[in-house]
């Protein structure tokens, strides 16, 4: 079978040992197979690979049939936000233990990528969040998140009180360490540590997870992803909002963060046979029981 | 303004003190206002109200413009499942403390109902679950649930092991006291007690909440409501499945429960100004903090 | 060095493949080393080992310097309750994956036991609970628990309402699936699945863990082990109490279960170097992170 | 009956409206009844009450038979730490909603205090924690906590990794937002919000509660209060430790916090009939059920 020649962009985790060699190997492999290889500019610069074209995120969007990311889930989060406007499908190769969204092991990357370029893959769409921060009627910050948007207090500031409105209805005043607004993708990240539920990636939902809430009956709530969530800083100091823990803004009393589903989505390509539940089971050790005394014996 | 005459079915909680008087008062009020009053058969029989037509659930479906239920959330659950196939909108009057879905106080029912019959209401759709139980290839039971479908062990049987597949993908083998599959409506009921998240009624999702799971990393998971969930009894004895705690089936090793969203939905009518978050806040005491020592002072 | 000859009782898990061979090997090893071997009566009967003296639990209490249990944590629970009055130290050999309290692997049992009989071991005391059930002023049942005493509803009975008093002070009326009263030993068993904390074995405490409580602010509470806990069945049907899931009593409305620390304690001997935290870490997979996306990368 | 004249120290919440008037009223009342009134120096300065002797904490320790604190639980925490070395019993008057440890309502203070000075009270002892921070072998900070000692990350720093050893045994490496080490008193404060259990004040225990831990099987653990807990900063930046959220130290990689039970205890005097469970029940709303749909009807 002949595989049609494609244009493939490569993005790598910077400053990680071994990534340069892996990417050179991958680029050479793709080149030999007749594909066109592009390197994301910052990746190329760090790796000093001069044999290939070096392109910006918008150019990847314009020319690439797919982007292959070598790194961990964090690397993927960063590039996914940048490429979200351009609808380029993403493939993730993990140099360490497999991640939730980087699911091809480095040592098997060549045969797996070869097969995927023949069209044997599982495609999946993920949603993103976007938010603006409004102060005194003016937008002072905006950002996009693939995992979560988190409003939280600093270590020395006691607590934050947030007023939350959804679709123009008052939800509650929440006293806590903070509030996580998460996509289904983010539901296996910080939101999970804070006690949130898992959300299947194809659920059209957004989950709000309080961090150490004062009201003991405060529970995570899952909203339709059409919801507009407005979070106002009602009390507290040294408060900030972050987007995937990768961009930040400091907040003042009365600032409002307005969160919505992004108009963009990101497409991931997984190897044939990939399955969300397999990943969950492996990552969360669902098959390994603590062998509870007296119950399993 | 003239209100168009309507046909209204009345359903009441049986054997509850005061309900008969309230329903007679309500029926008389509707009759005086020119509406046609029908009584659900079982209600009529208990109340010995002979002035009004007495009808079955299918007849309510055929003739009534709306059904008014007087009782608590449990009464509403029962009648909502029966009326689900007929698309009759439901109105709930609560004789005690307001419920999640019976939200009109008894002592204000007449003016509120009058206003609602003038078209001043908030309409809202709720989804239901349906399930069949399959043994040796044969369907041995089927049921519908407005809140939840719960598979659980008896008090003397140690634990149950369930194999769960979703959309033909293996999810996990779960050792626990049981598993709750809940609608958004049920997310404020048993699922909440067992540690599940809240689901907004308009979220197109189903939540699976394990009850006392052995695997400490087992967490509630929210699936799209298009999912087909198959629960197989892998180990354990004295196991049963219930639908809204109102119908039951005993289960044997290898029985499979196949759960899907019902094709039916139920429409609730709420008084003008009704708001889901107001109800949550009031029922869950979100505004009453435990006044945590040292943090709020 | 010469080890002083000791009298060692052997107890084994019944009907478990391989246990007979292991016990014969162990008995022979001890006999060769000059120790006196006694077999617990029921074990001896199942294993048809006729070369050794066959003794009852009280006789083990009278004659044995230590009892070695081959099985899992469940086997140990059963024998520990029986031997509690006699102060015989217990050693646990696990034929499968190591348990919380049976911590010597079968394939290393001979050298480890040899070393322990030389006095190289870690000794540790565990507390037990005892309870009586009182109906109409009469005691109708009594029992002892090494892990937990659990009051719970049957699968078809909706919920139980329990009135709890501690040291003659009213604590609460609790609506739930049930209530677990657990020792520190039991805190890694059912209580943990139901959301309870871990209790270090040397903590002089008892933990009460509600199972799926209606009141969302209901939390596990740890009491001094001098507390007297009285649980009264305030509402519900098909309710029972169990002791380590190994003995049971059915309960009626107004029955009271009176729980106290047992006057007895059990002594476990662990191999040199044994450490509670090592066991916890291994059993609970504390070193294996789910590699949360975006946070660890 | 004649009440013996006593020396009573008064301490008040600074900058709180109405406190000055209440304290003047209280001082006058005590003075009239023949008792000697002392004012804590800072309180006296703020309140400009010049009719009474003005004393330091050590002087309160030396001369006072009891100290009455007017404010909230936070005010009490601050003064309790200062007075801990001097064994002066403390009485708490709450100007707002009753606290966990300030349990006399302002509007009933005079008759209640009168009765307590006649010897009609419930006495109760509470434990404290102390800790030192060690950097490169030198102690750089020390502090005492009545509620909790909390190690946590700043809002912008991703996570902290802590190595925890207890009594010289390695417990775990914990990746999280932080770790709370709490007394029984603190178990109703921040530790509770973070998912910790309640600890009865007379339990001789310390609870460690992780804040948003990565390992989903990480659970709160209750240790005997004889434990020495060593927390080492294994990774992370912008990390600090606080004592009752009232004193702080910034931490660096490899710093160690060594936590033990303080040699001091604090004695609280409560009005006759006071009961810990009454307070819990009221503060945690244990009698107000969310009236779970379908379960309570």
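In this document, chain identifiers A, B, C and D correspond to the written order of the chains, with residue numbering beginning at 1 in each.
One rule holds in what follows: contacts are C-beta pairs under 8 Å (C-beta built on N, C-alpha and C of every residue); 3 or more make two chains touch, one makes a residue touch a chain.
Values in this document were obtained by computation on a predicted structure and should not be read as measured data.
Centroid analysis (C-alpha atoms only) places C farthest from chain A. In summary, the pair chain B and chain D forms a contact in which both copies contribute largely the same residue numbers, shared numbers making up over half of all those used.
Chain B and chain C have Cα centroids separated by 41 Å. Taking the mean of the C-alpha atoms as each chain's centre, chain A and chain C sit 44 Å apart.
For the pair chain A and chain B, the distance between C-alpha centroids works out to 36 Å.
Multi-chain contact residues of chain C, defined as those touching 2 or more other chains: 158, 190, 192-193, 214, 216-217, 219, 245, 284-285, 288, 290, 292, 295-296.
Chain A contributes residues 158-159, 166, 169-175, 192, 196-200, 202-205, 207, 214-224, 227, 275-278, 280-281, 284-290, 292, 295-296 to its touches with chain B in the complex. Within the complex, the chain D residues that touch chain A are 152-156, 158, 176-178, 190, 192-195, 211-214, 216-217, 238-240, 242, 245, 248, 284-285, 290. Taken together, the chain A residues at the contact with chain C in this complex read 13, 71-77, 97, 99-101, 146-147, 185-186, 188-190, 192-193, 216-217, 219, 244-246, 283-285, 288, 290-297.
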